[in-house]
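Below, chain A partners chain B and then partners chain C, in two separate complexes.
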Partner chain A sequence: MAKKNEKINWEYAPAPESTGHINLKEQYNLFIDGKWVKPNSGKYFDSINPANKEKLASVAHANEKDVDKAVKAARKAYDTVWSKMAPSERAKYIYRIARLMQERAREFAVIESLDAGKVIRESRDVDVPLACNHFFYYAGWADKLEYAFPNRKVSSLGVAGQIIPWNFPLLMAAWKIAPALATGNTVVLKPAETTSLTALKLAEIIEESGLPAGVVNIVTGFGDTGAAIVNHNDVDKIAFTGSTAVGKIIQKAIAGTHKKATLELGGKSANIILDDAPLDQAVEGIVNGIFFNQGHVCCAGSRLFVQESVADQVIEKLKHRMNSLIVGDPMDKNTDVGAINSKEQLDVINSYLKIGQAEGATMYQADCSLPKSGYYCRPTLFTDVAQSSRIVQEEIFGPVLTIQTFRTVDEVIQKANNTPYGLAAGVWTDKGSRIFNLTTKLRAGVVWANTYNKFDPTSPFGGYKESGFGREGGLHGLEAYVKLN
Partner chain B sequence: MARLEVLKTYKIYIGGAFPRTESGRYYTPKNAKGEALGNICLSSRKDVRNAVVAARKAFGGWSERAAFNRGQILYRIGEMLEGRKAQFVEELQLQGVSKAKAEKEVGVAVDRLVYYAGWCDKVSQVSGGVNAVASSHFNFSVNEPTGVVGIIADQSTSLIGLVSQIAPVIAGGNSCVVLASEEIPLCAITFAEVLNSSDVPGGVVNILTGSVDEMLKPLATHMDVNAIVYASTDASKLKEIQEYAVDNLKRVRHYSQDWMDADSQGLHFITDLMEIKTTWHPIENIGGATSSY
Partner chain C sequence: MAKKKGSATFSIPDFTQSPRIDKVGVEERVSRFQKRSIKKEAKMQGLRMALNMIDLTTLEGKDTPGKVKQMCFKAAHLHDVHPGLPTVAAVCVYPSMVATAKKEVEGTGIKVASVSTAFPSGQAPLEVKLMDTKFAVDAGADEIDMVISRGKFLSGEYNFVFDEIAAIKEACGNARLKVILETGELVTLDNVRRASDIAMYAGADFIKTSTGKIQPAATMQVTYTMLEAIRDFKLKTGIQVGMKPAGGISNSKLALHNLVMVNEVLGGEWLTNEWFRFGASSLANDVLMQIMKTETGVYQSSDYFSID
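For the complex of A and B:
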């Protein structure tokens, strides 16, 4: 038995996930027309592990000519094979992709964590299973589309150009590719430059599945590669997930064209704690809302609203909980908060920490040690903020929470809705009638009551106002990829 | 001595009132025979802004009305229009439509209002639903109105395009600012009088007459307008609207159809101006008991 004065070490022993079983090539080419081809530019860039700055692989940088080649391949596959295939056969290919992904789920999870800096527990339990399930879900829709759109004639669009972000690399690829294929479109997809690897591994699975050549093409690169997709004349549909600023550039670029678009953009979502909420659960919800995936979540509950009578108590509990978060090696199964995705993003977050302090807000950071190498940020909260503070108005996309208080429900509805964004919201209260009053009046596409950051393939996701338009997931996610007459 | 006819002054419709344009300007559209249709308000960008303010103010109340109540009010608009059929037929004739066609147009307009009245409390059952998520949560999606909608009314008709564009927008719980047909604006203003006597709260529908070219930019760039509906075939104007829409990510809906056609109505005209909201709540399942009976 320990002596009374003896200090007990409560730290967890390291529990690293092994990386020995994964297959990563040194260099990745572009996946076009079912083949791995060298980029026309001849250029490659490095994909870095943000947890230790080590190079994982080099990845091809596609230019306009490469994108053109990919679009042509997608068009040919659409015209000659994919649009002519019986929908039930199309479904079977998509099911096959889902199954192959499940078989290699562990490899995907490890590569995702290495490449993106996200903790292995989340890659393993959230990203990868959800990505597999997304393919499985949409596969089933392929031969049932007439049930989704009663009284209308459904047809596919053609070639879909898809541009995805770095926060959920594989999951976003699944969100984009699965519904596009189920509805009979072919795809040119560009992963984000810092997180190309799982999309390229997905291309390997697509190759293995025997999906006809050109139905899915993966072109890696930077913003110029994305712009080449957006501006290509033979693309019928743009699906973009990313920042509101880039979303607006895309909306402008496709004005006056035939291109259909869905934009899944930024957010500054309110997470609202009422005085009758189960506070310990609510604190877990706050932590999950803002520190999940290092806060690199478009629907992160980054604006916390706490009813005045319980504010002190909630903030105290929250600080206590923040101090128990384990920040560090994403590959360790005990880690709660992993690495910031890139140096660029860490710079953005740090600049907002300075802005918040300069605006007069009070900053509190979790008392934890950070690894010496790699990009990390301590879980952070700001109190004494105003509705007009930049850290309250602007999306930070990091583990940074602002806290405001309120007295009445009507007041918090006004404050929560007073933003150009409208992606998500959270409500914590034990009273059912209060839940429905708030969930009805909050102008956001997804509302979590007594929970936060839950996702499912059947559940439509997408924003109001400047958080974008169109939905992904569920029956409503099909509409983005069909023409209705 | 013959009685002197009292002529009607056509005014615009903002926030449930009939002001003249704040600019004091007018224009005098003529029919094919060269007869003046009237001195019509040439609305300004300030009128557009006032109308948007009125529409925003009305949005909260209208969107929270019970769908059943909105349906009754839409039906009431149909009743009122039917009752004033003769006046609309006369105006349509003055604007160059034959009597037979004018009578048909008003009839289709009434029927369209009745059609959308019936949709109000059925949208969420057809378009929304419960989502079978894999985790222990109750999860459902419902349609909610997008907000303030700018409508550029079909320019080739005076009544049926306007009614066909307004009805689904307000059926879904949005409020709107409507730019009437520039050349044949009479029915738009008379329709505002119908709205005004149909229990439609002031500000839910605002109707402006004047130059579409002049009003388009202030409407389509307005940061408090959430969506634009455009129903003419001018591709360059559509592009202009799509570019204006960017600053606050307005949803732009474009329709090109013959509004007299029976198929020019449907659920999607309503849901096009609605958002999908998905709500999650945990389901407690501590003991794991199942319902075995």
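For the complex of A and C:
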């Protein structure tokens, strides 16, 4: 018989996902007009694995001339093939891309984790399946657009310039490309400079699918590459997901032009725990809200509001749960929180940790060891903060949560809306009437009730105020890529 | 109302206000435990722990001393081909079999648990339940597995359920009391949580999911809900209560998932058979098969594992 107060230490042995099956080239060129072409500049940059700082591949840096070439190819493909093709035929291509992605799901998941630092469990169970589902979903709409917009004449826009962020590299590519193709547009897409690889693997699949040359072009590079897309005269629409600062630059740049735009920008979303909520599940929702994808989520529930009568209990449970999170190697199947995407982002997060402490907030970090090499940050929470704290006002984009308490529902609605952002919110309560009261008054594009960070291709996503405009996903996502008469 | 247990004093809460449980959230949390990948040394350690936590059980109308004796021998000699294996934690039998079992396991360190209180239905007057319990304790039972009155619970008579458990606890003397909630009849997780709270505040040393006679039995959702209740109770009162999922945990994978759940919700303090048990009849052989597979690299036929 065991002794009465024995404590067993049961540590899970490493369970690394194998990387032997993936196929990564040493160097990637640009995918323009159905061909892999060298960049005009001759320059390449390294894509590194943020979990160990090792180089994965080098990637072409596209300049203005390359972008011009890509836009011309997209225009030609639009004029000669894609806009003329029967919608049901377009659908077949999109389905084919979805199926090919699904067949290579494992390879996509592994490369995504290597390149972005996100944990394999998430890229395997969330990113890649959702990306495939976006293609499947929008393939279904391609020949049904007149039903999506009854009594309107629907036509495509032309060439869409799309710029995506580094937090969900493949998923964001799918969010952008799938609806654009379904509505008959052609695409020039630029992935983020730290996470180009899955977009390039997607280009390989697109090549394999036999999609007509020039319908999708992938140009890799930095901000200057993105600027070249935004400023190109022959681009009809800009779709951007990224920071609010860059979103503002884009909006200025396209002001007065014919270009349509959708911007999906930053957020500082409120996650609200009412006193009658199922607390253990709410704690899980808080964890999913802020520590999912290391907090690199535009809709992360980074501002936690807890009703005062249950605050101590929630914080105690939350700390306990934080200490059971496994932080470390993203490739290990048991890891819950992986690597920060880049050194730059880790510096940003660390600067906010300093700001928070300097502001007098109380910092608590999960009691875990971090790998020696690579970019990591402990799951962190701040208490003793107020609406006027910088860490409450500004988007940190990392695993950092601020906790405020409130007394009444009206108070929390006011505080939740008291932000320049308005991307998402979460409400936790046992009462349906309280859910409806809050969801109608919270000014956020998405409001989750008794859950958080749930995504589905059928559901529109987008923001209020400085979180951007336009919706992606669902039927609403089609509207951003069509002209209606 | 204040209650004393050992040195701890605590007040009895209003059980109608037990925490609410969100089923969808529980399912999501449980799926995270199921995704843990337990390999190599961790797997071996987990399998050995699982073996050592089993309450090897026979609860049938057709039980005889002969059957019980054979099961007790198995309990102490799980797989002698492989030396150094732990024994199970206890054997679990009807009160009429306690004396036989007690004699058989003498000197092995294996405990004898007896179901009681008109198991499995619990549809008997308190006097009968008390006698049932005393009979088992007098026959040498180290542990008593009682059932709660689910009918009373479902008609909202929480005080009745509470008082009954407290009375049985008293009748147990030094025997440890496991309180079976029969979660398959309570249906909702809100009910499971409330019944767990009632049982612990009334003096349970262990809370247990099921009799094994009703489906569904020990689902991970139910066990998870009870583990959270145990954690809250420890935080509030400082008293540690054990957990016993019973019924339906028939293979190693499920057992390991359960242990992962205990490890991450309650921590290593609960990872001994003092505080965690599996009520199972067929789990042991599957765990043994996995242990042999891990060591030899091949699965052996079930004919190599005894079936007492």
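Please note the rule applied: the second predicted complex is superposed on the first by the 478 of 485 C-alpha atoms of A that agree within 3 Å, B and C clash if a C-alpha of one lies under 4 Å from a C-alpha of the other, contacts with A are read in each partner's own complex, and residues count from 1 in each chain.
What we mean here is this: a contact is a pair of C-beta atoms (placed from the backbone, for glycine too) under 8 Å apart; a residue touches a chain by one contact, two chains touch by 3 or more.
Given the structure is predicted, the values throughout are model-derived calculations rather than measurements.
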*With the two structures laid over each other on chain A, which partner does A:Thr451 touch: chain B (first), chain C (second), both, or neither?*
both
*Please indicate which partner A:Tyr464 is in contact with in the superposed arrangement: first for chain B, second for chain C, both, or neither.*
first
*Taking the superposition as given, does A:Glu26 touch the first partner, chain B, the second, chain C, both, or neither?*
neither
*Looking at the overlay, what does A:Gln251 touch: chain B (first), chain C (second), both, or neither?*
first
_chain B versus chain C as contact partner of A:Glu11, first or second or both or neither_ = second
*Touch check for A:Ile435: first (chain B), second (chain C), both, or neither?*
first
*Take the contacts of chain A with chain B and those with chain C, and give the residues found in both.*
450-451
_Contacting residues of chain B [partner chain A, same complex]_ = 126, 129, 131-135, 137, 139, 141, 146-147, 226, 235-236, 238-239, 242-243, 245-249, 251, 266-268, 275-282
_Considering only the defined contacts, which chain C positions touch chain A in the complex?_
19-22, 24-26, 28-29, 35-43, 45-46, 49, 52, 89, 109, 111, 228, 231, 235, 259, 263-265, 267-269, 271-274
*Can you list the chain A residues touching chain B in their complex?*
133, 150-152, 244, 247-248, 251-252, 254-256, 263, 265, 420, 435, 439, 444-451, 454, 456, 458-462, 464-466, 468-469, 471, 474-476, 484
_Residues on chain A engaged by chain C in the complex (per definition of touch)_ = 1-15, 121, 125, 276-282, 284-285, 316, 320, 324, 333-334, 430, 450-451
